[in-house]
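Labels for the chains are A, B, C and D, by order of writing; each one numbers its residues from 1.
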């Protein structure tokens, strides 16, 4: 549970189309001060009279805390269905109801380590803020971004500058190496002597990364994306089976016990079934 | 003149009529960062069962037009851990609490009631009988007058003392008045109306039911007309039995609809997901509306839509 | 390769699976200025009774979240005038027509069926049994297996010939599969699922039920999950009985949901009110979707959501 | 049934706040050519993902048919609930789905007569176009407009110019004569020797006018406003009891047998009940 969560009517400060995405900035006041890479926000969509009753979750791309209670949160939004399309249609000056920051954040190592950041699609968003922090701690940061095509790689210039190396993969080969991020991972881990992987992207990708991380024996923190009804821990819809310190698998809420979790602890191959032995099954 | 916003369900008294709905506020902690839980008429806990429950597999949720489907499957820690951890926390905070229980057999209901006997500081017991009865081919207790009655009787026999029993009914029945009459005869002090409506969404990408559990419970504004109808029908048949109304309420005007139909209090469920402070909004809007309409107390408005056409 | 969009309900064949829903296209003329009615799989007429009916008093309508309530009360000219005026017009225009009938007693259904006997050029008879039975305290025929069966038997006995009978069921029952089984046993060739869901809206200005008839039938997207669930359940139990699905469909994707659940054709009701060309939109979008998903015919998709998890 | 009805995605050309109302212009093409005073349009409200599934009806304030298939329809819209508020929030260039023209029109006398036009609130809208036509036929046109307060009187300058006299009443006395239009009607009918009344406004007002019209033995055509689900005659929700030429009362659809009906023929005092003797009751 993120103790800093609050609800606010926030103003859209800017909304720019970047490739397949919209880069959007919201004036959120104090909320920015508490936002960490990995955290997300939950936004009401559709406006008055909408049939969309649930909030939509978006990973925080960056948060900037200014003086006098002024602060901004930036998101990278893919216009996908009706909710996100509504959001990306907002213009500067429009108000949106936003709850945040929510969920867990990426764990920052106390020592300078060699980190590999892996993002799929808009999953790259939280990695740039993370990269800055890691660099500040003296870490080496390599990055791999993958997507179906070049338009879906989100990698702004200043973001690229913040990493030691950037590898891009696309399914259709329209940018970087043709293929998936998991195809290039093993080599990158070895070549750069990676200690820890931070990832964010579709569940299938996170599962694939976990497999490689386990094989190569590197730590792996991933930001998962389960369908969420509330984002604040009250609905129990966003659960997934995670093995605890005590070895017991429990159905944990990805909105408050995540989105950032230890990849190794997730029981990935549990689609549409409760894994055997799960607590309470 | 001061407005009287208090209400009661059976012998239980509440400062105001706005509750959370079972399963839509978890154990309370999560909402407490958005508002002071003591401002609630009551927090109704998620339905607790005897043993720990993993709940159903995911996907457990599908958004629908002005509603959502869920099939949580009553995930929870079981009554013992619940009484050890969750209840003390709520009591420390001074939260007006209604505990919801759910069983898989008539005996379960009896056992849960007995466990609740010694618990102090709880205002009432909500008995969720919209659960599959493992002893009767998974038939939902609330969908059959005989099993609905048996579950409530088991609670009544075992609860002892004066903890009021609120029987929570399912709208998925041919005749909800019949079920209401049975559970009242069996000893329910009040009724909670309505639980979710059975529904299904098919994911047109995978071309299978979207939820892992196939069917799920429909909640939210989509079902409000069903809730209003059920409350109106039951209040007409049993005017002296108080009703905790729920189903799709998101604002004060909608809560008023349920009150006028016959509810003495209103639980807010799905609306919390879209707006964590929904209860506080409903609470203040409803009070303003009642005052604006000239009521001196909430009680005056309960069931007001039933008055004769001439009035 | 050409895509086969035809479908059938019992022995009745249709060029495409998109119908209007009974009571949502009046007698056809009104929609004909927006599109060519021959493009419909079928036009289902409003339910016709024996005598002229004024219908209920107004207000008859209330908009709800993603839905609406109606209590039209089957306003219409009665079967004789209907057969004299409306049917010939539809036949002249070459419209594929399904006639919907509704009665207040078992005898009514028999009489209506006999009147339909001699009528040529009608594809099928939809039997609306979601009507109050005046001989049984106003209990709705479709809400009781015995009366549901009796109504359909009366039609079967009197219809003669080969006009397929589509029994239209109400979702307001504890067990819709049970009712479906009864009406099929009584001679229904196909099933229409679902009629409206009983609901109520209270006007918070007047503080009374908004509709003059107090309760009304809820329709529109709000009830789609209930329709999908009912179709899925009935198709699972009676896979060989074809289903005319309906409930909240406004576009091709939503129609596909009903098809995958087990409907062989889809009626569009409330969506026509928001968009008079809704049927044509659904028709083209559904076909495109089916082709995009690799189906060679509509038939292949019917009930496809029921396939084993491994497939 | 209006044979000219069609459905079109129309562009908002302008939207101006006038008192309590919005004067809105839509580019409707050919539709304008067929629109007559009394006709209405039905508009989809709420946009994508809306929970408002029914169209909203609006009386046509004026229709102007230009050359080459260009045409405009003007409406006077009161932001009341969610639907109309959505509509009045549209800006120039936005598209709205509009069906029209719908319903019956005011009957135009073949002889020059003395007409009294009575409007309540936005009910004045269709009367100005009517007034122009009547004037063109050599009629004398007097007008009475009533509303709860001055802000709710819609009477644009050019509209005022088109009538021989304009009387205003407001409930709160903030403009014109304090009171209701029905208070001044009898005198106006007598002083101006009125032959026919045309009215548009709330049902209560139309009922009151009918009573006076019957007493004074003048014709009365009124545009009624019943709640409508479809506007095109297919839902049977908008009915009201009207006595036919044959003396039989029938539940007729106000969307296709109206909105303009003969006031005298309407059974007004039938709230929430079917009048005895109605056909089929």
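Keep in mind that, in the parts below, a contact is a pair of C-beta atoms (placed from the backbone, for glycine too) under 8 Å apart; a residue touches a chain by one contact, two chains touch by 3 or more.
Predicted, not measured: the structure shown is a model, and the values here were computed from it.
Between A-C and C-D, more contacting C-beta pairs join the chains of C-D. Inter-chain centre distance (chain B to chain D, centres taken as mean C-alpha positions): 46 Å. A straight line joining the Cα centres of chain B and chain C is 34 Å long.
Chain C and chain D have CA centres that are 35 Å apart.
Shared interface positions of chain C, i.e. residues touching 2 or more other chains, are given as 65-67, 220-221, 309. The multi-chain contact residues of chain D, meaning those touching 2 or more other chains, are 51-52, 272. If the chains shown are joined wherever they touch, the resulting network links each chain directly to all the rest.
By the touch criterion stated above, chain A contacts chain D in their complex at residues 45-52, 82-83, 85-86.
The touching residues of chain B, when paired with chain A in their complex, are 23-26, 29-31, 33-34, 46, 51-61, 63, 65-68, 70, 72, 75-78, 212, 220-221, 250, 270-277. Chain D makes touch with chain C in their complex at residues 1, 3, 5-7, 44, 51-55, 97, 99, 226-227, 229-230, 232-240, 250-251, 256, 270-274, 278-281. Considering their complex, residues 65-66, 221, 309 of chain B touch chain D. Across the interface of their complex, chain B is touched by residues 51, 272 of chain D.
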